[in-house]
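For reference, chains read A, B and C in written order, and residue numbers begin at 1 within each chain.
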């Protein structure tokens, strides 16, 4: 297992657990919680793949469905003790967000689209799963009102752009992009940075 | 008209009527009720076809759009007398669920995907239309909280798997799968079987 | 810039502003408002393109993303003064609806589908963005309850059908179709025409 795969599993786990926990707050049953967790984990990438005319990534590799089942088991087994792990999950979630953004950008460029489309697709890959989660549990999307979230993906996209123009390629480019998304999230939550609200 | 087509029309009718009735409880107008009914009937199969990179099935055959118009006419004409037919609609819905699951599994296998993807796609074909219906009428998805519903499709998928390993093919395989979905639904509703709820 | 492009920008602007204003009523932040505005503007056409197995149109031309940013700037700058422009936006919205319907019909016919599919796709192109907007802001879809809206697109589709059978082609066919959608909307709002509600 490569480091990349390990990080992807951590991110999938964090996304799935966030969906399962919110579903449980709505008193969904185990199956409903699994569906919400799975949608949170794979929803953004699925939307991206459909728009790129590709087969959704999770249909080619059972890992994501299995990791979501594992996430359900964790929430069932640990229940309210999970609250103590909130900081851990926040870090996992930020790491997942950074990685998913990089995957989204690179897959879009590989499909032949320009960079501005890739930045949008990176943001969709990272953030749309959470929006679909909130639609399923019938709540207003959280990421449109709380600390900067999807904008961290856009920021990562801009960093990718600058790094690429500066001649940075390969692993260094990936790490710089993901790290800037993760850093943006940590800074945003630490200082409670929010965007202005329209009136 | 084959038996298969007849069953498919019955199932489409039951799904469309369920959508139209819930839309009318929200005081949607006729057009809104038609859209909700149509989405309930074709939403699961459309999601499946998009993920399989196929043209949505209802765009190749006007039957589904016409049956939904017929369903709207029934609800307008019969109104509250429909309540007396609730048991009939429950049976139609269960039959539709069984058939849609079989169609979803077989279409996915025909597209070259492994069986675990086919089981998920069978479940999406059967159950996702009801989730889309509940999103449109702005309610929490009913199937994530009431008696076992989507899990009946998964159960059908497992029966398909076992039957196929046992060498059963063709019509017998289809009937066994659909019958197990229908039986699971009847048993679930009769004994009010629900999955545990997360806390 | 052709007249066609100019009208398309006006329509996109009107759709985006309608999304941004409703998002602001929900106290979404600037990013959330942008996403809701963009989804309102491009959601219908995106759904159509996915079902026609085409690349979503806005991924091939940055105009739509830029116009939405412009719409956000307008709402931020003008704020409550926009209320005075409600009649202007109503006209823009009606023009956009007419144009989007024509684009949807022609793109579907060009993809080789029959006219009844094209009429549905024209309606989806015009009206589905507003439904997706209402799903994102967690409200029941407005167009299923207020004055005739999506039905104006269907009416435009029928006019297209009749005109084509009468041998009308090209620009005259496009103008007749769009004008009939726009006229239907103006008449519907002026006389508060609503469809019956189911009980």
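Note that contacts are C-beta pairs under 8 Å (C-beta built on N, C-alpha and C of every residue); 3 or more make two chains touch, one makes a residue touch a chain.
Model, not experiment: these values are computed from the prediction.
**Student:** Which angle of rotation, from 0 to 180°, maps the CA atoms of chain A onto the equivalent atoms of chain C, to the nearest 5?
**Tutor:** That pair's rotation angle lands at 120 degrees.
**Student:** Between chain B and chain A, is it the same set of residue numbers doing the touching on each side, over half shared, or a different set?
**Tutor:** On the two sides of the chain B and chain A interface, the residue numbers are mostly different, under half being shared.
**Student:** Could you grab the centroid distance between chain A and chain B? Build each centroid from C-alpha atoms only and quote it in angstrom.
**Tutor:** 30
**Student:** Mind pulling the residue numbers of chain A that touch at least two other chains?
**Tutor:** If we look for residues of chain A contacting two or more partner chains, we find 50, 53, 135, 138.
**Student:** Across the complex, what residues on chain A touch chain B?
**Tutor:** For chain A paired with chain B, touching residues are 20, 23-24, 26-33, 35-36, 46, 50, 53, 55-56, 59, 62, 65, 75-76, 79-80, 135-138.
**Student:** Considering the complex alone, what residue numbers of chain B touch chain A?
**Tutor:** Residues in contact with chain A: 50-51, 53, 113, 116-117, 120, 131, 135, 138-141, 143-145, 148, 150-151, 194-199.
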